[in-house]
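Just below is one structure, and these are the notes that go with it.
Note that the chains are named A, B, C and D in the order they appear, and that numbering of residues resets to 1 at the start of each chain.
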C-alpha cells in the first residue's frame, strides 16, 4: 500500500487523474508500463506501486535533475526493483516492446504517439494527459492517425464534502479543472 | 491488465468510483483486501487485478446465488489464486486480520465498521460507498465512533467528451451521480 | 440594466444562484416579491431590477444596521420606487398578500414557510437557499407540510473558462459549492 | 410571472442558460434587447417577460415558418406589446441602436459580432451561446477583434436533487452539457 509523502512539483498529475488512468485501463499487478516526463516521479511511483515486482515501469525523463529527483522518490517508496528511471528523450523512441500501458504527460505528447504505438502490445493502452481542449484534440487526432482506436476522453470533477453532525455540504472552493485524459488503444 | 467483460448488475460500483477507491488509498500489488457485498464480483475482480498473486482479496457475500456469480466472474478473469469468495455474513465478523483495505458497499455498511476496524492493520483503510448523503453521514460518524480517522468524503463527476475534427464538447447527457465515497483510516 | 457595484458581505447569495431563482420561477417585469434577510441588499436589488417600476420588492430585515446598508445599496441602484426595506422580523408574518415570489435566505427559513404560503398568490413561488443538505431537506419537508408543492431542488456548478488563442480550458480552481436552491409552489 | 407552456424545439436554449444570460448581464425591466435566431421564440419570450412593457425585444428570424411559431408563442405569453418578431436576416445588420443586450444563438454567431457592436449602447452586452469549445473560441476572438471586451465564458452544470425523508441525493443521470456562454461588453 503506497503511503509515502513524495516531493511534488506544481504541474504534477493529481491522484484523481492517476486513479482514472490506472482504473480505466485495468492496470494491475504484473503489467509493464512506460511513463514519460517523469518529473518528480509521482505518477511513476503510483504506477509502480500497482504493477509491483512482477511488473515494471520504464520512466523516460530527459532532464537529469528531474530524473535524479524521481530516482529519490522511487527509493523512498521502496520501488527500486520495479521502476527504472531512464535519462533519455522519449522523442528518440522507446527501447521496450510488448508494453501494456504508455502514459504521455508532457508538452507535445502527440508527437510521441508513433513511438508509443510501436512499444505497445496489441490491446495495449496509451493515455494522454493535457490541460487544454486543443491539446486533447491534437492528441486524439494524432493517435488515430498513428493507428490507435480512440476509446474515450474524460475529465473528472472530484468534490470534497464536509460531513459533520451539524450538517453536510461540499467544500465551497476547490479544483474545478486539472486536465483531459484521452484513452487510446492499439487494435 | 484487466480486460474481461463481466456480467454486471444495475447497482454495481462503477469504474470511476472503483478507480478512486484504489487510487486514493494507494492500493497496490501485494496488498490484502476485504470486500463486502460482492454482488456480481465486479469490484472484487477489479481489486484482485491490482493486488495480484502476492496479495489477496477476501470477498464476503452472504447470498449464495451472488457468490456463485462472483465466483464465475473471478474465474473468467483468471484470478482464482488471488480472490476468495466467502459465502458468509460480514455482520458476523471477518476471519482475517492485518488487512490493508476493507471496502463496504452494502446496506447498513455503518454496522460493519467495528468488524472492519478489527480486521485492519494500523494505517489500513476502510472505504464506504453509499448513494445518499444521510448514509455517508451515518457511515462517517459511526466510523469515528469505532476509532477511525475520517480522511475525506468525495464524489466524482466524470464527463465524457466528444473529440472530433469538427468540434469538441462534452456529451450532452450522462451520469451526474453514483455515490459518495468515504475514506476512513485506522490510526 | 443593473450595473452597480454594491458592497457585498461574505455570505451573500451569488449571481449564479440569484439568476436561477429568477429564471426558474419566470420572474419578470411587474411581479411582486418578498425577500427575507436582506443583508447587504444585493439580492433585493437584483430582484428589484427585474420587476421594475410596475412591480415591487418588500424586503424584510430585522437587524437595523443591515437594513440601513441595504437601503443605501437600493438608492445607489436607483430602485427607491421599487424596493421597500422593512425593518421587521419575518417570523412575525408578512404584511402583504397576492405575492408572486418569496425568497427565503436565512437561518431557520423553514420556520417562515407558513408565512410565505399565506403571503403568496395561487401559483406563486417560494424559493429557499441553504448551504447544507440537511437544511434543504428540512426546508422541503416543512414546505410540503405547509401546503406547497415541491417542484425541484438544484445546485449549480458554474465553471469559468479561459478562452485564448493559445488554448482553452476551465480555470483550475473555483467555487464548487454555494448552496441548494429549493423551489416550492403554492397549488 | 412567466408561466406559459411554449412549444419547444430540440436545440432551444435551456432555462439554466437563459437565466445566466439575464442574470450575469443584469437584465431588468425597461431594457432593450436584440435576440437572433428566434427559433420557437422560447428565449425571446423569456427575455420579453423580464424587460416588460417599458422595455423591448427585437427578435430576428429569417425563416418565415419559425418566425410564425415564435409569433404564436409571444401571443400565448401575452407579450405582443413587448416583443417584435422580425423576419429578417441578422447578417444584413440590425435596424436598432442603443440596445442593452444582444443575444447570438445561431450558427456563425461570430459573423454577426460587428452588427451587434454597432447596435449596442456603450456598456451594452453581447452574449453568445454555442455548444462547441472551438465555436466559443472563434466567438470570443472575433468579438475582441470587433472591439468588445471579453468579460467571461462560462458553462453551467445544474444538478437536480432528490430530497426525501428517506434520503437525499442528486438524480443519477442528467444533462452534463448544453453550451458555452460568452459574455462580451462594448467599452
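Quick note on the criterion: a residue touches a chain if its C-beta (ideal position, glycine included) is under 8 Å from a C-beta of that chain, and two chains touch if they have at least 3 such contacts.
Please read all numbers here as calculations on a predicted model, not as lab measurements.
> Could you work out the angle of the rotation that brings the CA atoms of chain A onto the matching CA atoms of chain C, rounded to the nearest 5 degrees?
180
> Where chain A and chain B touch, do the two copies share over half of their residue numbers, giving same, or under half, giving different?
At the contact between chain A and chain B, which are copies of one sequence, the residues are largely the same (over half shared).
> Which chain has its C-alpha centroid farthest away from the centroid of chain D?
Most distant chain from chain D: B.
> Taking each chain's centre as the mean of its CA atoms, how far is chain A from chain C in angstrom?
45
> What whole-Å value do you get for the distance between chain B and chain C if each is reduced to the mean of its CA atoms?
41
> Where the CA atoms of chain A average out and where those of chain B average out, how many Å apart are those spots?
Centre separation, chain A to chain B: 23 Å.
> Show the residues in chain D shared as contacts by 2 or more other chains, in ascending order.
Touching at least two other chains: 133, 157, 159, 168, 170.
> Which residues of chain D touch chain B once you look at their complex with the stated criterion?
Residue list for chain D touching chain B: 131-135, 157, 159, 167-178.
> Once bound in the complex, which stretches of chain B touch chain A?
1-3, 15-16, 18-20, 22-31, 46, 49-55, 100-101, 123-125, 133, 136-137, 140-141, 150, 152-161, 163-165, 168, 170, 180, 182
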